[in-house]
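Just passing along the structure, written as structure tokens.
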Amino acid sequence: MSYTFDHKQLDALEEVLQQGLIDLGVHCVVLIDMSGNIIVNLDNGRMKHDVYSLAALAAGNFGAVSTMAKIIGEDEFSLLFHKGKKENIHFSKVMKDFLLVTIFGKDVSLGFLRLKVTEAVEEIKKILQSQQ
Amino acid sequence: MAFINVKRKEVQVKIVYYGPGRGGKTTNLEYIYNKFNDRIQTEMVAIKTHGDRTLFFDFMPFDMGQIKGYDVKIQLYTVPGQVKYDATRRLVLRGVDGIVFVADSLAVRREKNIHSLKNLQDNLATYSKSIHKIPLVMQYNKRDLSKQGIPVLSQDTLEKDLNSRLKAPSFLASALEGKNVAATMKKIIVMVMVSLQKELQ
Amino acid sequence: MVDSNENLLASEVEKRLEDLFGESGESTDFVEEPNDAEPEDSPLKELKATILSIDWEISDEIMDRLASQIASLKDEFRADSIMVPFLLLLDSIGRYIKVKKAHAHPDAVKVLNSVYSGLEKVALSKGLTNQERKRVLSAEVQRFKQLKEKIASTRVEQERKKGAKRFKELKQKIVMSKTTSDAVDTENAPEDLNQLLDQLKAFIRSEIKALRDELIGQRS
């Protein structure tokens, strides 16, 4: 079983992520599916992360955290975020099958980033749902 | 579920090594990593518990280069074999394209192999996938142990126990010594690529 | 005897620990920040909590909380000629963020935080002269002004981009209708064309208006 998005969808996804997040000063954005595949990967040109491993771990981690949520009687957690000294990472579910991973430094406030991510996720939904 | 990026001309394929605990799944990946790392330029990611048991999964991505105009990226995963980690096993199986079932040839592990294969079938079913349809390769691991006089299951027994209905390609192997490790992996990659192509036509 | 054995062991362990975990050249002295700005028990306690929570989440609820805390502080400090303008600044940025949310300028939250630190300094540092307090305020006012300029210039830029995009779309429509009008849909063609003309006129009108607003804005 495989799936694909057409050129137009991928272009549109890149545009949304570029304008909504990279232009804001985010270091790296990766849209992945829950199997750990990378759909779109953008960065500010200065990042050299191993995004494939990152995607595999993010998908696994998201699955683990969702199961933890269920165990304590939550549907899902609304904030998935790790804070580091220089880099932070934020996860946001997109529909049932996708995950938006955002890596950003301390010059971007989490509160503002969350607003921008929410907005980007709405746009992404529209694009992904235009499939077929 | 392979993702095909038409824009970047890239295919991402997910292959999972499944099987009972301590059967040698991680050893398969480690051998590939150690033997071929200078060629495939990858990093192996492992999440382990105390005593070297796989907690979540091991992960090793590598680039196969261009095939029919597409950049093929292979992602090898292992699952934790221990029975109690069924939830994480299911997570790792999500979107799998091909499976290597690593069976333990040790005579005392006979039951464990059968249970693990049944568990694989059940977990695939939760993603509406059939063990009979997905690309699958059997690996009967730890053949080196017979040299040390440790009782191992015969190939016939293993075939009968595990492969009589599936009729998957199978290999006798020693992951520790590296025997048939690469062969197993090459076989599953070929099978997955063929099945992807069929599906795309 | 026992004592010296123990000492030997201890010093060996210490040496090993030093080998393993030693941090050469790094000072282990703590540099403590001057502690006079401590809002824990101050009138700013609640405001500080709100400013910190904006860092995590920007919602109407939190922004309203900010506005009401500023209002009560304005009352409390009404005789303070530095604090009142500080609170006004904070209020103004807060309102802007609340209205604009994701469309706010990315620097707005940074300036909000910076203005708050200035305000905290002025309110809680003991022994600042009036001159020093004024200097803190004017630095933040400067930052606020720069933010305003940035917001204005990005707005102009956005308008320009939007305009260019609309224009391109309309042009495309005209080209399309030209090439297709002979073959298809001849019945509706004049109507489409009229509609298009109207759109074009409206577009030009709005462009001129934007330009005029811009010019007026620059003059004032």
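Labels for the chains are A, B and C, by order of writing; each one numbers its residues from 1.
The rule is simple: contacts are C-beta pairs under 8 Å (C-beta built on N, C-alpha and C of every residue); 3 or more make two chains touch, one makes a residue touch a chain.
From a predicted model like this one, the values you see are computed outputs, not experimental measurements.
Note on interfaces A-C and A-B: more C-beta pairs are in contact across A-B. Using the average of C-alpha coordinates as each chain's centre, B ends up farthest from chain C.
With each centre defined as the average position of its C-alpha atoms, the distance from chain B to chain C rounds to 50 Å. In this assembly, the C-alpha centroid of chain A lies 23 Å from the C-alpha centroid of chain C. For the pair chain A and chain B, the distance between C-alpha centroids works out to 28 Å.
Interface of chain C with chain A (complex): residues 53-58, 101-102, 104, 106, 108-110, 113.
Taken together, the chain B residues at the contact with chain A in this complex read 1-8, 11-12, 14, 43, 45, 56-57, 59, 61, 73, 75, 77, 87-88, 91-92, 94-97, 129, 196, 199-200.
Partner chain B is touched in their complex by these residues of chain A: 1-7, 10-11, 33-39, 50, 52-53, 56-57, 59-60, 63-64, 67.
Residues of chain A touching chain C in their complex: 24-25, 79, 107-112, 114-116, 118-119.
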